[in-house]
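Quick one: the structure is below, questions incoming.
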Amino acid sequence: MFPFSFEWHWDMSHIVFMGGLWYAICIMALGVNYVLGKSFMQTIKGDSGHGHDDHGHDGHGEHH
Amino acid sequence: MEAAYQKLVRLESQLHPEGVQRAPLWQFVLWLGFFGTVLLWGVYAMFLCWFKGLNQTNMNDYYGFALWIWADLAVIAVGGGAFFTGLLRYVIGKDPLKYIINYAVLIGFICYSSALLILAIDIGQPLRGWFIFWHANVHSMLTEVAFCLSCYFGVLCIEYIPLVLENRKLDEIPFFHHTAHNFHEVMAIFAATGAFLSFFHQGSLGGVAGVLFGRPFAYRPEFYIWPTTFFLFTWSAAACGPCFTILVTKITEAITRKKLVKDNVVELLAKIAGWMLLTYSIAKIADTLYWGFVMLPKHGLQITDFYTNASLIYTKLGGVPWILLIEILCSVIPALILVSKKGRQSKPALVVAVLLGSMCAMINRWVMVLQVMAAPIMTFDQFALYFPSWQELATTVLPVAYGVILISLSHRYLPVFPQERELNPV
Amino acid sequence: MGETQGHGHQEGNGHAQGSKYGMVIDLDKCTGCGACMVACMAENNVPTKPDETNKLDTITWMRVFKLSNGKAFPEAETCYLPRPCMHCGGKHDAGHSPCVSVCPATATDYSYKTGIVSQIYTRCFGCRYCMGACPYKARYFNWWDPKFPADMKEYLSPDVSVRMRGIVEKCSFCFHRYQRAMDRAFYEGRELEEHEYQTACTQACPAGAITFGDLNNERHMVHKVVNDKHEGHAVLQGRKPFRLLEELDTNPKVYYLSARDWVVKAGNASLRETSPADKKPSGGHH
Amino acid sequence: MSGPEKTQQNGAAHKKDDSAGVFAMSLFAAGISVYVSLFVGWLVLPELLYSRQHQPIDFNHAIHMEIVDGCTSCHVFREDGTFAGTPTLAQCIDCHEEVQSIEPEPGDEDYEVRLAQYLDEVKFVEEYVQQGKEVPWLIYSKQPDCVFFSHAAHMTSHKFKVLEGGKIGAPPVEFEHGEEPEDARCNMCHMAFIDGEAVPFGEAETLPLYRRNWITTYPIDIWGRNISGFNDHYYDSAKMDDCAQCHYDQRNDHQGQDACFVCHK
């Protein structure tokens, strides 16, 4: 339910429960996106992945 | 033929985690085949329910909630090991639990996906299931259940995915390797979110029965804005969930004939579970006494009303409300075993304790679903009987078969048990 | 979560001025003929099953229970108790009915204008939580697709939508009759008269055991009976109207009348003398 | 080689393993997926979900309105205030027993439009009038079975406020006593959507395309005209939220919403 639904009321219950739901969904969505984004960056930087403390230019060069 | 099989075995063995021994492929396929057949039987029953409707069950207007809802509540309760172990490991910092957290997550994942599947079969109009989110009545406990349950299932997926990506072959792909690694880095956030969500959905499952003021058997006066069953359910899930995790670990060890988790890890979890169970049983007894001797008389009822003139399932054997006693014994006995060092170090005692501990939650959920439905409230009403149809049984066995298959696959191909290599040198 | 549904709706904004439709059923007049059940099913397009023997999954918005005092002849007595939906208002008629408060999708709600508990069939997704919440077992699930004998389809009421499989339904106090009557009254710019809105069961009862009307309207018979103000008519004869399971705070709008003590006691567990073990289980309306 | 190289150089502008960068990129990715979903949900799906049907006869409201006096001349109400439904053949037959219009000739003004009108009338007379068959009009405002709608209440209520231009939140139109044009009431909900424009039916020279949801069978005019929920006018769509919005706005006290049973049966 979104606040523009006619069933929505600006009361404590709606704010707490719907807010909680959207908050949890946002945390998960952002978390997953962060992880995927970071992994994607690391991959295109060419980090082979088996020494993750060592990503960046060196790893990239090695890739080619 | 023989050569082709050998080649297949060689290829397949490359998927195994490094440095571990796995059962021969034919044995594994046979094992999967057996449980796969059971699974198909359940899937068939599931489609019957979806296409022909809930008349395929033996539920009726007196038993609107029946075997499925019990199974649902039970798997969620015993699946509580995932959130509680996660909480202990990532938030409270009980480090040794990192050797069992994978398995706890896997069991939780199975339990919760099963619960969602059962719910999808259980509702009369599955295609309208999204109404619970879209037209949510935020005053309903079931809404809270749906919100937290589906969100927490998302958390469990996030926790399980990195384990899948750590499969030896998948791990060779850099993107997957990074993803798994990065997931582990931020796992504490997800674990904390999961613990938060679990607290509420375990509780609101208890609230589902506890708010029914038309059903004095289940109704508990409110404590703040929640009925006491809210807290009892959360507490029992945190207590019994780890018991179930240990139980399944012990079963897995027995079937694979290998030690998979070190004793100190199991004992730590068992000890925490024991204290949780002990405190839970005290709270449960107090709640039962308050309900029986303060609340019921207020409504003109006596505790014996619910344990007499009923079918044998719920009633007296020689005048004793045996199901209530068993429920309480199932929390007290394992609690006493697990809090004592001797108890949890003795393998048979530990197994008995975690078995009883798992049963504790299951019996409690049974009582809070089926007996709530069964107990007549109008004085002239009857005590109806219910026995599940084969379709209900098949769809309830379905998650078990699915769980066995997923555990088997995960154990065979994924590094579920970090200590396995050390404990079983090849 | 557990807080009152519609909290704040009740106090201070004049909902109390609305109607509060309710029923008084004289159990001493009821002969158990079942005309109310038949009328209800016909009026509300309740589907039939090929085999109706299993009463546990048969839809009966109005159901007549058979009560027995459990004594042997010649003291044996029987009472028939028609049970529609009680349209519980909850404490202080705040709309916190057992079923309304639990529905996760707001498929059932409490009307402050009429005091009627609705059930919106197209909103319900069949979780059956409300059935578990209702102590009167007044809610029924559609276990099957609705089926009517071929000729009967022509006789279905266009004012009541036919329910689909997999949802819950219940007595609506023939709300469509209210809609019809209100429509006319509205058009003619006047108030609704008592006789204009009567439920099918009320009109079908050959013994005249059911009285239906607005409990808040002093001119309506139900108000007079419930408040014991009815003069010059021997309806009450000193009897006190009682409700089923009053001690649970469901606040039902269906009242019962009986001169027989044991019947009154059967209505509420707190009043009974006998332990439940001595009671005869009743087999519905048989 | 150059591809990854470029990425590399862009990346080098930041610190390696730049969390903020990663976060921004994640947000960007999330944003992209939201946009894609919205595009599919708002623009692609509705196109696929609704049929495109033409009315059996392309009735021209505008021409007829020049002759008659307001909507209720043909869309009649019974004595008890209930709506009698779409006009029947009986109402048309007085004028259209035979073809009324003259066949236009090439070169005439608006030849094609007039020809189409002429042909429609011929079709109407030959296929329906002469055979005594009712026209199977497609009803734009056909409601689901579970909906209770009373024209009597909406047409006669003194409380019903006609809002200017049918615009949500617009001030009520003040009418002289007894002079309230009924058409303004009708237009609060019934508008013809022709080429994306909302036109009062009385001014429409053609009938809108009829679009029916393949799954629910409900017309787009009640259900999917505007799925965003952000409507400008009461007539944008007539689904539950819109009815509820209007019921809320029509009340002076603005307290709570009506019970479900007001509009459901």
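Here the chain labels run A, B, C and D in written order, and each chain numbers its own residues starting at 1.
Basically, a contact is a pair of C-beta atoms (placed from the backbone, for glycine too) under 8 Å apart; a residue touches a chain by one contact, two chains touch by 3 or more.
Everything numeric here is computed off the predicted structure, so don't read it as measured data.
Novice: Could you quickly compare C-D and B-C and let me know which has more C-beta contacts?
Specialist: Per the contact counts, B-C leads.
Novice: If you average the CA coordinates per chain, which chain's centre is most distant from that of chain A?
Specialist: It is C whose centre lies farthest from that of chain A.
Novice: How many angstrom between the C-alpha centroids of chain D and chain B?
Specialist: That gives a centre separation of 50 Å.
Novice: Just how far, in Å, is the C-alpha centre of chain C from the one of chain B?
Specialist: Those two chain centres are 40 Å apart.
Novice: What is the distance, in whole Å, between the centres of chain A and chain B, each centre taken as the mean of its C-alpha atoms?
Specialist: 28
Novice: Mark out which residues of chain C touch at least two other chains, giving numbers and ranges.
Specialist: 1, 3, 106, 123
Novice: Name the residues of chain B that each touch 2 or more other chains.
Specialist: Correct list: 135-136, 139, 143-144.
Novice: Multi-chain contacts only, two chains or more: what residues does chain D have there?
Specialist: If we look for residues of chain D contacting two or more partner chains, we find none.
Novice: Under the touch definition given earlier, write down the residues of chain D that touch chain C in their complex.
Specialist: Against chain C, chain D makes touches at 80-82, 144-146, 148, 150, 152-153, 156-158, 253, 255-256, 258-262, 264-265.
Novice: Using the touch definition up top, name the residues of chain B that touch chain A in the complex.
Specialist: These residues of chain B touch chain A: 133-136, 138-139, 143-144, 147-148, 151, 154-155, 158, 174-175, 177-179, 181-183, 186, 189-190, 193, 196-197, 200.
Novice: Under the touch definition given earlier, write down the residues of chain C that touch chain B in their complex.
Specialist: 1-3, 5, 54, 56-57, 65, 67, 81, 98, 101-107, 123-129, 131-137, 139-145, 164-168, 244-245, 247-250, 265-272, 275-277, 279, 281-283
Novice: Quick check on the complex: what are the chain D residues that touch chain A?
Specialist: Listed in rising order, the residues of chain D that touch chain A are 1, 4, 7-8, 11-12, 16-17, 19, 21-23, 25-27, 29-30, 229-230, 240-241, 244-245, 248, 257.
Novice: Across the complex, what residues on chain B touch chain C?
Specialist: 53-55, 59-62, 64-65, 122-126, 128-129, 131-132, 135-137, 139-144, 146, 204, 207-208, 211-216, 222, 225-227, 299-301, 304-305, 308-309, 372-373, 377-384
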